[in-house]
């Protein structure tokens, strides 16, 4: 999902002053080394955010990963090794993430799952300094692997793929012109409009208007009025807006009598979206890393059924399948390399090819990003319906 | 470039947004006027309104009950906030009270995060709000109409209360000269509680209107309202009630105007431009558009 | 006046008042009887305003007691003092400039509940001060100094006080206006009001007062009937003291 964003404004500085007085305990843990032969334990580290802003993403990743590990261990482990997940809460604090990452490396972790929180770059650079492979977790920004370091790999759909998928979809629907609404405040909302525009124009579409929105503004009436007055009216609107802003925007847009279809991205797969009401949401289409369970995506539905059978409840969100797939992809690498050594895993990562619950993970060795297709979700009234996985786009703009 | 109907439409947008800002600025100014303190936990009253509406909705309450319950909760929370957090510090310095209010805001946000969720929760609102009426070539949403109507009614009723009622006169006196008001017989605790109650009432009404627009609540929901209220009341002159209303409408109009006219490349800086304009106003008129000189309080 | 000494309505018993480490009043005692005008005289810094602020509940005595009609008055808050019957006409008048003349008067009656009587008394005040009646809807800030002083006194009257405290009512007013204000005070006494008057204008104060106390550096240095004190001894002493300071 999206990368760190903050309501960066003057007040927060003062809040920080007030709240900042409390923190900073530095106890160094001195757990040391491990042995990597068969019959041992293979430690997977996850310094994730399980209590703050990004717990919504990291928590299900943890649930899915644990589910996969439990399954694998129950059937004998990998090459005779038992998998173990150490998930520690970084509270979305960069310093804490850094500390926990080091702690996990000291304990002998051989694989790290990236946090969605602010500390991901710290986690990546520390992992790479120790030459331990690290994933981007639920991070979709295509620039992440470059920023984290040479040992970082993205096993999920990237943002440029989302943009290209939506552009192809738009062309297929017969939309020739589009109005693009972005925000330069964070990389996610700044880059996605570019990816979409490049792919849309490459496929023959024209962007007839662009505008900027403010994240968390609570009011988009002025933006909406400009769209309503756009002459000629565009065939479609693209925006990487996410909840809870999407609800505001869509309602104000439909109130203004604008019926132009709206295309958006994975920040909208959220249980709070439907409260915007059927009238505003109907037809709203967006990409996602995975669809909610339903009869048209039997693999995910089966995942939910199995999960519930084991734990007696649903995972906290469908994002759990990404954590699940990541562990199984790791297992396939270990088996292909016939080694649990991190260096062997790093050597095998560029060639990983694994068909997971959320789709085919086909690594591109040059970009270190999996060529993974996006899913598409369309709102039918106020309920999510899955349009499936349209396939990897023929043109994907560079990161 | 901007067509007449687009202009009319933006005017409605500005009025609707402005009336919410006016209510918020008035709520913040009300307490500042009487007590000389800036209550930065004011935004959390909007959040409390929203969570109360959510709670009532989950228990099957119809929207009017949600709205009234939300406003009621904000009033109670505001009075309690003063009793628990600010009354023990009566007479403390401006900075002490300011930081106390930050602490209250931070504490409440953490409570929401731990007790409810750090994620946005959807608050259902009637689908009627999504309808629109057509006036000539202008399409006006039902919600902006209700917003402007409720906002205007609340402002008129509050003006009458402040003008006509004994409590209103006492509050105005207290905001002009607190010590002398007490010498005349105005009960300090009562007038302060009343100021917080009205402040909560305004936050609650503005909160219901705000949530009707956003249909979602999260622990940081109060951030934008308090920021806008603060800017609007500074524009109008802190503590000046008429100024707060004017500042609110001015800010609403300014934001809509900038979004409507700034070229795309500058738009990301709209907030900065708005703040620059505010700074320019304050440079020319340090006491705000309608402000009077700052007096010592309590 | 009858031959019997009237019973003291307000009794101040050895009060000591301090602002932090600085003691402003050292064991001050005084009495005010029903229907009396009592003047408190003394140079700047003698503690006169401190005395009034303490009586009005704005300051708390460190030692000593204040009694009003047999009830303890020290240690209560200003708004409670008003309800017990102490009304203040503060130094510099301090009307509420943003409120209208009429609202200022209504505010004076904030401690009362009898709305009908309040209405009638406001009308009565307007006939007593016609200029205020003419300007009833104007903000008090637009009045002249003398008019504001009338309003401030009227506002205090609206509380129906047992004792009215006046702090330097002549300060900053033209001599002719001062004359009018003192005539008004004498008139009030004629209607049975009890006044405690702090003044620097010794002559004027002694003209209308029944008794007077002289404060110097926080102590009562002399007191007695105004007539006696007015004969010159006080003035020599008072002025002498002022010079000595």
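Here the chain labels run A, B and C in written order, and each chain numbers its own residues starting at 1.
Keep in mind that, in the parts below, a residue touches a chain if its C-beta (ideal position, glycine included) is under 8 Å from a C-beta of that chain, and two chains touch if they have at least 3 such contacts.
Remember, it's a predicted structure, so these values are computed and weren't measured experimentally.
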- request: Work through the pairs of chains, note which ones touch, and then classify the graph as line, ring, star, complete or other.
  value: line
Statement: Leading the contact tally is the pair A-B
Message: Just to be sure I understand: the centre of a chain is the mean of its C-alpha atoms, right? Then which chain's centre is nearest the mean of all of them?
response: B
Field: Interchain centroid distance [CA atoms averaged], subunit A/subunit C, Å
entry: 76
Query: If you average the CA atoms of subunit A and of subunit B, how many Å lie between those two points?
result: 36
Message: Report the inter-centroid distance (CA atoms only) between subunit B and subunit C in whole Å.
response: 43
Field: Residue ranges of subunit B in contact with subunit A within the complex
entry: 2-3, 5-6, 9-10, 13, 16-17, 40, 99, 102-103, 105-106, 113, 118-125, 127, 129-132, 139, 141-144, 210, 213-218, 220, 223-227, 255-256, 259-260, 264, 267-268, 270-271
Query: Can you name the residues of subunit B that touch subunit C in the complex?
result: 166, 169-170, 172-173, 176-177, 179-188
Query: If you look only at subunit A, which of its residues touch subunit B in the complex?
result: 7, 9, 11, 14-15, 18-19, 52-53, 55-56, 183-185, 210-212, 214, 216-219, 221-223, 225-226, 228-229, 243-244, 247-248, 251-252, 254-257, 270-280
Subunit C residues touching subunit B - in the complex, by the definition given at the top: 56, 58, 77-79, 82-83, 88, 90, 94, 96-99, 103, 106-108, 110-111, 155, 159
